[in-house]
Amino acid sequence: MDEFDIEVLADPDLEDPVLVEGLPGVGHVGKLAAEHLLEELDSELVRRVYSTHFPPQVSIDDRTAQLACAEFHAVTPEEGRDMLVLSGDHQAQDSEGHYGLTDAFLDVGEDFGVEEVFALGGVPTGELIEEYDVLGATTTDEFADTLEESGVVFREDEPAGGIVGVSGLLLGLGGRRDITAACLMGETSGYLVDPKSAQAVLEILQDVVGFDVDYESLEERADEMEEVVRKIQEMEQQNAPSPADEDLRYIG
Amino acid sequence: MDEFDIEVLADPDLEDPVLVEGLPGVGHVGKLAAEHLLEELDSELVRRVYSTHFPPQVSIDDRTAQLACAEFHAVTPEEGRDMLVLSGDHQAQDSEGHYGLTDAFLDVGEDFGVEEVFALGGVPTGELIEEYDVLGATTTDEFADTLEESGVVFREDEPAGGIVGVSGLLLGLGGRRDITAACLMGETSGYLVDPKSAQAVLEILQDVVGFDVDYESLEERADEMEEVVRKIQEMEQQNAPSPADEDLRYIG
Amino acid sequence: MDEFDIEVLADPDLEDPVLVEGLPGVGHVGKLAAEHLLEELDSELVRRVYSTHFPPQVSIDDRTAQLACAEFHAVTPEEGRDMLVLSGDHQAQDSEGHYGLTDAFLDVGEDFGVEEVFALGGVPTGELIEEYDVLGATTTDEFADTLEESGVVFREDEPAGGIVGVSGLLLGLGGRRDITAACLMGETSGYLVDPKSAQAVLEILQDVVGFDVDYESLEERADEMEEVVRKIQEMEQQNAPSPADEDLRYIG
Amino acid sequence: MDEFDIEVLADPDLEDPVLVEGLPGVGHVGKLAAEHLLEELDSELVRRVYSTHFPPQVSIDDRTAQLACAEFHAVTPEEGRDMLVLSGDHQAQDSEGHYGLTDAFLDVGEDFGVEEVFALGGVPTGELIEEYDVLGATTTDEFADTLEESGVVFREDEPAGGIVGVSGLLLGLGGRRDITAACLMGETSGYLVDPKSAQAVLEILQDVVGFDVDYESLEERADEMEEVVRKIQEMEQQNAPSPADEDLRYIG
């Protein structure tokens, strides 16, 4: 197998599509958001990207094995712009893999005529969130102006550590190709899978791209997570003396 | 030396052979099973595969050194189908090595006309096993049907973490080459070298492929391991207060 | 993107320029020194070097993203020789990256006609410094003679562990290209960002290369760091019993 | 710089030379032995091998920098066979580097007409040694016979873990090139730099290759190390209760 291997499964015509990326990351915000789009909207699997930089692994779905990959689905909704949704269970295992996979993802995007990319993710705040702001970063100032109108928050020099992984590189490498790209980062504690943060990100994207989805299933999942949080807090109060933040572990 | 280097030692004609892989892994189940086949049946060493992704190491056999490699033996038993048995002491050291070695292994298989692959291994349960089920995963639903008839158990979404390493990739990369492949995974505690689990896997394989081997030496080794387990359990009861699972370490 | 990718932003003519490198390292001495030059002297951004061996990361400056890179600025001061100043926020992530990036940096230098390289850095002493010596290492004995006249200190077999990273390789690989190179290493505790050490290094470089800069902002930053040290020492004395060295952590 | 880069410094004619390797390893036995040969016999530096798999590092010798490398010296002693002595301060940083460097080393050897290789090293016993046996491993049974006559000890399946690094690969890759190679491994505790073990190895090599060297400086260094051991043992007895082996750390 090649270092980066693109499998073509279908080749529908898309009209001025946007690329929406949601791979695993902080709070699984991007992954939840991308998967929610695919659950709520009709889609067609068009590409799989394999790589020797993914873990040497297959997942078992029912009885058969699927080699580690990232998947592109084409979405042509009745309302709003066409989308190419990039999702998957893996990130690259090393720095060269991150760069090479992002280039492969942008190649697929350009094949379908993509000129605009949205990388979805979470930004960890270290504390439980009440109001879910969605932070932004872009390749151009003009795009930032547009996104601010849709409610995206830009804070100077945030996130402080920059943006790591495919989401960051879609901006870095996309920008060098003159593709307009933005990262939409839902605030999230960083301790828990966070469907509410995913919803906040999708609501912004919905405003920009114009699709129409229902959030009931995300809200249900958010209720489940809140139940988990409530139980953890109860346990903390019982073990009272030091109900320290450190007791909150990542629960996925 | 090339990154992946195949040494040709013999080139016998095989008739519709199956590839049987048993490299080191959980409970050494696959390795024990493959080595048992080579002990019980006449075989000929036909290929060695070297790689810069194997440890930079030689083993010493009597007085001379053997460079780290994986070996293919051809087995042409009186009963049952011809086999190409892949065994060795090493796995690749990194992700690219796993992918590249598996491709090299499949190349060797295709040289000999292999169209069916059995990757043997163990699946850890975390507790001592009474009845050794053999779990399966395959490249096609039809092959799963066939294997179920021979007693292979398919459980939805198991193993939960997928299958890692060469065994998994033989399915993942084999499937992409239209090779029919299955992973046969004997249940095993994961704490001990497990000859009983290896025997359970071989009994399934025997039913599918049709060879005839004796299990006496595996049973003896299983008795030795049971003796080890008994002693550990005694020690646990004496140190009684907390006979925790964690006290069981991997003993190879 | 290529493994090492040089982006051309401007191509001014420089007259016999020296290359001055200041990437992150011990006490951030080299980085502080290079950045101080760029703050105090007019400069033009001429090259960016990207690499798949840098972290897969963008930094966010105001609202837009900048892909991880190292930058070359051309400085043509009124006094002293022309300079090419190499700065950035990252080192390579692995050994091959260090070698390859240093070769790319030397290529850029040679493009501009560089025949002399100064790698700026810190050398950890493990204790707080009163008098900041600047240690040297060079590619040739003659260059060492010259530098000794400007106050650079050469101590036999120091630094004992050699010089690691880009600074070291600029000498190692530069020397193999017949480029004259020196490493100027300001003594520093190794526990703190050290503007005083950066100033000591710059004062030597100023003497050799002949520019004219003001040190007020570095001195202010040094005062801030001294305030930090003072507070740490107070805390140590209060927690008195064991005011061990180990309590001093790296504070950047 | 290339991944593996051989610098030619001199090209003397050697008559049927043997390659003697002594790079850093257990007890620094091989390195001490090779360096002792170079101290006691006239030699000429003929090759340096650089690699991006060595640490990205220069060492400082007096005032100038030397890029990380391995060195070949030609030795044409009055008594005994010509030798090519391979020494250095580094091993490769990864598996591919070990393989590639060993191939480069064998290439240099073949350039000079080498048909016989001696890899010198130590084999850890975990306890202080009284009588220093020298264990052997070879590429051929005939060579093992020869070496046994010179006092090399062959023990079945020892060393149990095989031989790792360049020493092992000189046998593994050398054998594949039909070069006759042996590893001579002096027993050593594994906790200390061990000049006595180096002497034991050299005395065997002397018998096989026929040079004539004095061991006074090695013996002096051995006396120094014994003094260290004596002090450690005294300290152990004073801290008496559990004078465990674990208290002995590696002292180089």
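Just so it is clear, A, B, C and D label the chains in written order, and each chain counts residues from 1 on its own.
One rule holds for everything that comes next: a contact is a pair of C-beta atoms (placed from the backbone, for glycine too) under 8 Å apart; a residue touches a chain by one contact, two chains touch by 3 or more.
If you're wondering where the values come from, they're calculated on a predicted model, not measured in any experiment.
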Per mean C-alpha coordinates, the chain lying farthest from chain D is A
Rounding to the nearest 5 degrees, give the angle of the rotation that lays the CA atoms of chain A over those of chain B.
90
Specify, for the interface formed by the sequence copies chain C and chain D, whether it is same or different in terms of residue numbers shared by both sides, with half as the dividing line.
different
What whole-number Å value describes the gap between the mean CA coordinates of chain B and chain D?
37
Inter-centroid spacing, chain D versus chain A (mean Cα positions, whole Å)
53
Can you tell me which residues of chain B touch two or more of the remaining chains?
none
One finds touching chains in the pairs A-B, A-C, B-D, C-D
Please output the residues of chain D touching chain B within their complex, sorted ascending.
92, 95-96, 98-100, 102-103, 136-141, 144, 154, 156-159, 162-166, 168-169, 171-173, 175-176, 183
Chain B residues touching chain D in their complex are 1, 3, 7, 50, 52-68, 93-94
